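Take a look at these structures.
Next come two complexes built around subunit A: one with subunit B, the other with subunit C.
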Partner chain A sequence: MATILRRKKWGIIIVFLSPAAILYGVLKLYPYVRGLETSLYRWSGLTTTRTFIGLGNFSRLFNDREVFTYLGHNGFMFLAATVTMILGLIIAAILARSRVKGKNFFRVVFFFPNVMSVSLVAALWSLILSPNFGLLNAFLRSIGLDSLAMTWLGPVWALRSVGAIYVWAGFGWFMLLYIAGIQNIPRTLYEAAEIDGASSVYVFFRITVPLIWELVRTTFVFNVMGALNQFALVYVIFEQTPNPNTDMIANYFYWQAFTNYNFGYAASIVTFTFLITLVVTILTWRITKSQTVSY
Partner chain B sequence: MKRQLLVVLILSFALCRGFAGGGQEAASGRSGENLEVEAVAWGSGNYETWFRAVAEEMRTVYPQLTYNIWSTTRFEELQPRIVAGDPPDIIQGNMSQAKQGLFVPLDDILDAPAYDSELTLRETFLPGSLDRYQFDGKTWLIPREPGMLGLWYDEVLFTRYGWTVPETWEEFLALCEQIKADGQVPFTYQGLYPYYLEILITPLIYKTAGEQAFRDINNLVPGAWKNPDVMRAIELAREFMTTPGNVLAGTEGLNHTASQIEWLNHSAVFLPCGTWLEDEMADVIPDGFQMRLMLVPGPSGGKGDNNALVTYVYGGYGVMADGNVEYGKEFVRIMASKKMAQEWARITGMFLPVKGGTDGVQMTPAFTSAHRLLEQAETTIEFYAHGWYPTFRKVYDSRIADVLWGRMTVDHYTDLLEAEAARILADDEIEKQFID
Partner chain C sequence: MASIRTETIRRLGAINHVTVYRQAVLAFNYLFLGLLAVTVVHPMIWLLYTSLKTGQELFANAWALPEIPQWENYARAWTRANVGRYFFNSLFVTTVSLAGSLLVCSMAGYILSRYEFRGRQIVFFGFISTMMIPSFLGLIPLWFLIRNMGLLGTYTALIPVYIANSIPFSIFFLAAFYKTISYELEEAAIIDGCTNYGVFFRIILPLTKSGLLTIGIFNFLGFWNEFTTALVLITKDVWKTLPLGISTLLIESKYRIDWGALYAGLVIALIPTLVVYIVFQGKLTKGISIGALKG
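Up next, the complex of A and B:
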């Protein structure tokens, strides 16, 4: 009887998990496998004719300076993503526990950019950063800081501007996650620290961060993956024009596939990026491992 | 358990069949006589409007057909269907795609009577306009509207300040000094898209270095970019751009809309662009603004024809090999008719290279100024290598602002171009093209 019940349970589990598993397999795993397979071919992407070249695309990739230039830009975005995370954590620590008036209002305002699509964010900031029409330079000029009114999307500042936009658009999400984590920490711990005369900074580093470390660690891994996946912000702001100052590895893949009609090589770029993401993610996970603090 | 597993397997099969089988179902829908014509316009609403007009004209001849007309600016939207063997019937393409077998040759309709003329269709095109679409002795595409490229200005400003259109590079530089003395800024461009600077550089190279040097550049001849006259032309442009006050502050951060609006607001006098500018900015051109096109003049003593006009053609329209070839060719034949060319001119204010294509159409003064330059030009020039080789175009476009703003030396820039030209020449996988 118990065996029959166990079998029925597994059957029900399979039935209910299968649609999601199949969708995941078809929409996620299958493209990965086909992408890897495509990277072994010379293929324009315009016809069904392909030529098997083995690791030829990867050999070319390792001699392609542009790949490493653009990966460098992704590295910069990783720094921006880290700033996003830290900013979210600090603001979460302030809003979660303080008695600041209007903190719900601030939560909404800080989170608001996350409900905007990437295209909208890019279009909005293209206007704000416009050198002559834009809000930012107009504000700087209005307070007598003309010398700080830069060409924010020009070659010198473009990558930094993209990083700043990323921080603006992203920190609200981290803030919300960390607020939820901090609110799960028992108040008694903070009260005890307050009684012992601990400063806010001490409480932040010795109580808050350790007790939400698993959450921080997880979001850090998301950061790594997000930084290596950057595409849309640059694509929309600079409208697919190859830009050596801001292009990410994904923009380069896109150009190779859809402008240079070199699908096989583009697939090798994606495969290479996937492998880097996997290795860096695993390393990040291991490096950030620490003893779990329970309460 | 076995029953549940069977249900899962059936569901899985159905899902996979649904994902994988879509293309085949579309293909089987086209078996037998194909009575649908699907044509994809490229670009703004005007292009689709024109395609619909062509479809309406074709409907009078073939009322039994259905017409599916839509537009896109993303070739990648079409790629999955092309690879699946179920493409639209008529799309805009280029010769790289034609050489990969995407299109069918059009010589049978080109050598047959045109839709509304006793001439053959080939004879109704302006001389030379089909040349770039020929390969292997066949013609694969019909041309889209050629763009004429140069420096646009507002004639009202010239009248107000008593400026005259310069005929040499030296006169142009002197005019820019006069413009600055009159409190205006000479130049702006679409800073976020530095390839617009090609409109400044290409004629300057041709007019400074001459026909042979320009041909060598297009034919990837080793050392072509190290020709002293070619390098001098780039240096002339660099000197112009780096002279204080010549270029509107903040230009490098402007996209095409912002820079064009700045120009319409008289923030700058000259803007490099093509004949699509008027149509693109139609909704925001201020009343009284008199758009006119000017050639980029060459230096005195230059080796090239100083009246040469830069033209640029954005690919052409072709009939897809896996599409409805029979009726697709008919659609193209009607597209290339004088009647439809006139309709195009009426809708967009631009012209197709078809004889009589603007007869009876009131063209705008802006377009007329451009067309006059075309009629006066004994030479039209096009930077072919820029269009033929995407990787070359990438190197050229991505660094052109750096060299013209002085962040990179002309020597280094031409080294990069030489290296890429050599790499393309050495790569047997890249189809090379040459001009005579």
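Up next, the complex of A and C:
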């Protein structure tokens, strides 16, 4: 960074940084730190007294069957997120390189679900998947596939439906990022492959994917975070009521905090989730490491 | 781009298994993309025409078009179902937060990217380091903080919270943008007697319009669609933002048995997002793509 002539710089530095620093410190840093601290207390939000119980919340957490059931649901969402990623990758590969017409149209259409609020996506699909009046079953029945018209939000299918909705709403984002990445690959590589008679599948796996691998790794890490942060989709679809078939760890946190007012325990759930996120993120980053391809 | 190989083959008049393969891949691409586009577009269309049905038509056949468009559904959604109220709440919160966020983050980002001072790196890192932490961690302490300030229940507290939420990414994005401006411009202005503040407001800011627009669109959508924090901080129905309102609508339609208003309400919620998206999708997708490659 160039050192340039500045008059009395500290005045403007303080003035310009203060608003951001104050808002950020009070409304983000302080709550995060307090959030971690709260997990060490037993505290019913209805009173102002709280008792320090050290790691008591955590031992309760490890024996709580529900915690692991719900984390399992998050795990399923991680799979769904991975599918989303792969779908985005395939579409990006097609849109960035194929000779289909109307690439812009597809790109614009595919990214739109990402821009809708979770709440709207949840409400829309709640109506589409309605067993008797929804679009999906009406369609299946109209083409004679009555036997495939399930209760999509019932105990058996609920989690898978939520996963599918996640894919629908999420693939556009990955698609956009990967298109940008693929467009950065020099054309010459592809032309050389064509002259050698490579099929598009071969080109995809041997040229496209390795060359955007760093980008794919980064988005994979985002997957982890996205999967562990799931809350609103399930909350809204299942009408703001606990649903043991689909609740995520964050939903459990919410019920503990704002329905049961077990603030201390709820905070420990979040702290635990945060730690898991850190560990899994670091692990996935390590596992996906591959030698940088240079060309 | 016609491939060299297929062009040669075409001119020689030979049908080659390679050309057939390429035709097949192209056909598959169109089919695949087309089907996917249908899954995105058709639910919206269905939502639209279902919102114009009477209650009876809704239950009779989900697939059919309405006989007479029931525009009253929209009036009822707007007034009786409170969607108009939710809409204006969201509009107010979003625009005020956006203005605040642009101001606060442009000032802070400017200092952090173009001024040299001790501790600059630490402050910058401090601002962006929490990008990865789930917001749930601070939710309980935040709830307490807002409650102690007496602001719980209304949307007023959302504004500073949303601004604070936008700080990490906005500063990250804007700092990169600011770095692209030449320092000579600033130096020349200072030599000519311009104050530090003058340099920012009269020289730098006009040059960063494009970056501000991009991050502005991004933040607009983020604030408009935000769900979880609003859920925790707003308690009375009359203060709810649109995402919360949608969730409420989904539940209440059961009791009111007014499904037409539910669908209409969802369309009302969909339209602003759709309009903003169509107008700004170019800038938005470009901003995301660029952000991806830098990160």
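FYI, the second predicted complex is superposed on the first by the 265 of 295 C-alpha atoms of A that agree within 3 Å, B and C clash if a C-alpha of one lies under 4 Å from a C-alpha of the other, contacts with A are read in each partner's own complex, and residues count from 1 in each chain.
The rule is short, and it goes like this: contacts are C-beta pairs under 8 Å (C-beta built on N, C-alpha and C of every residue); 3 or more make two chains touch, one makes a residue touch a chain.
None of the values given here were measured: they were computed from a predicted structure.
In the superposition on chain A, no contact is made by A:145 with either subunit B or subunit C.
When the shared chain is aligned, subunit B comes close enough to touch A:238, but subunit C does not. Look at A:115: by the touch rule set out above, it reaches subunit C but stays clear of subunit B. By the touch criterion defined above, A:155 reaches subunit B but does not reach subunit C. Once chain A of one complex is fitted onto chain A of the other, the partner contacts of A:184 are limited to subunit C, with no touch recorded for subunit B. When the shared chain is aligned, no partner comes close enough to touch A:287: not subunit B, not subunit C. Judged by the touch definition given at the top, the superposed model places A:271 against subunit C, while subunit B stays out of reach.
Comparing subunit B with subunit C, more residues of subunit A are touched by C. By the touch criterion defined above, A:55 reaches neither subunit B nor subunit C.
In the superposition on chain A, A:29 makes contact with subunit C only, while subunit B stays out of contact range. Within subunit A, the residues touching subunit B in one complex and subunit C in the other are 7-8, 10-12, 15, 19, 23, 26, 45, 126, 132-133, 137, 239, 257-258. Remark: subunit A residues 1-13, 15-17, 19-21, 23-24, 26-32, 34-36, 38, 45, 91, 94-95, 98-100, 106-113, 115-120, 122-128, 132-135, 137-139, 142, 168, 173, 176-177, 179-181, 184, 191, 194-195, 197, 199-200, 215, 218, 225, 228-229, 231-232, 235-236, 239-240, 250, 253, 257-258, 263, 266-267, 270-271, 273-274, 277, 281 touch subunit C in the complex.
Per the touch definition, subunit B reaches subunit A in the complex via residues 1, 4-5, 7-8, 11-12, 15-16, 19, 75-76, 79, 82-83, 85, 96-97, 100-102, 191-195, 248-255, 258, 262, 267, 390-391, 394, 397-399, 401-402, 407, 429. For subunit C in complex with subunit A, the touching residues are 1, 3-5, 18, 21-22, 25-26, 29-30, 32-33, 36-37, 39-43, 46-47, 58-59, 61-63, 103-105, 107-108, 110-112, 114-117, 123, 127, 130, 132-142, 145, 160-161, 163-165, 167-168, 171, 183, 186-187, 190-191, 195-197, 200, 221, 224-228, 231-232, 242-244, 246-247, 249-251, 262-263, 266, 269-270, 273-274, 276-277, 281, 284-285, 288-290, 292-293, 295.
Residues of subunit A touching subunit B in their complex: 7-8, 10-12, 14-15, 18-19, 22-23, 26, 42, 44-48, 126, 129-133, 137, 151-155, 237-239, 241-244, 255, 257-261.
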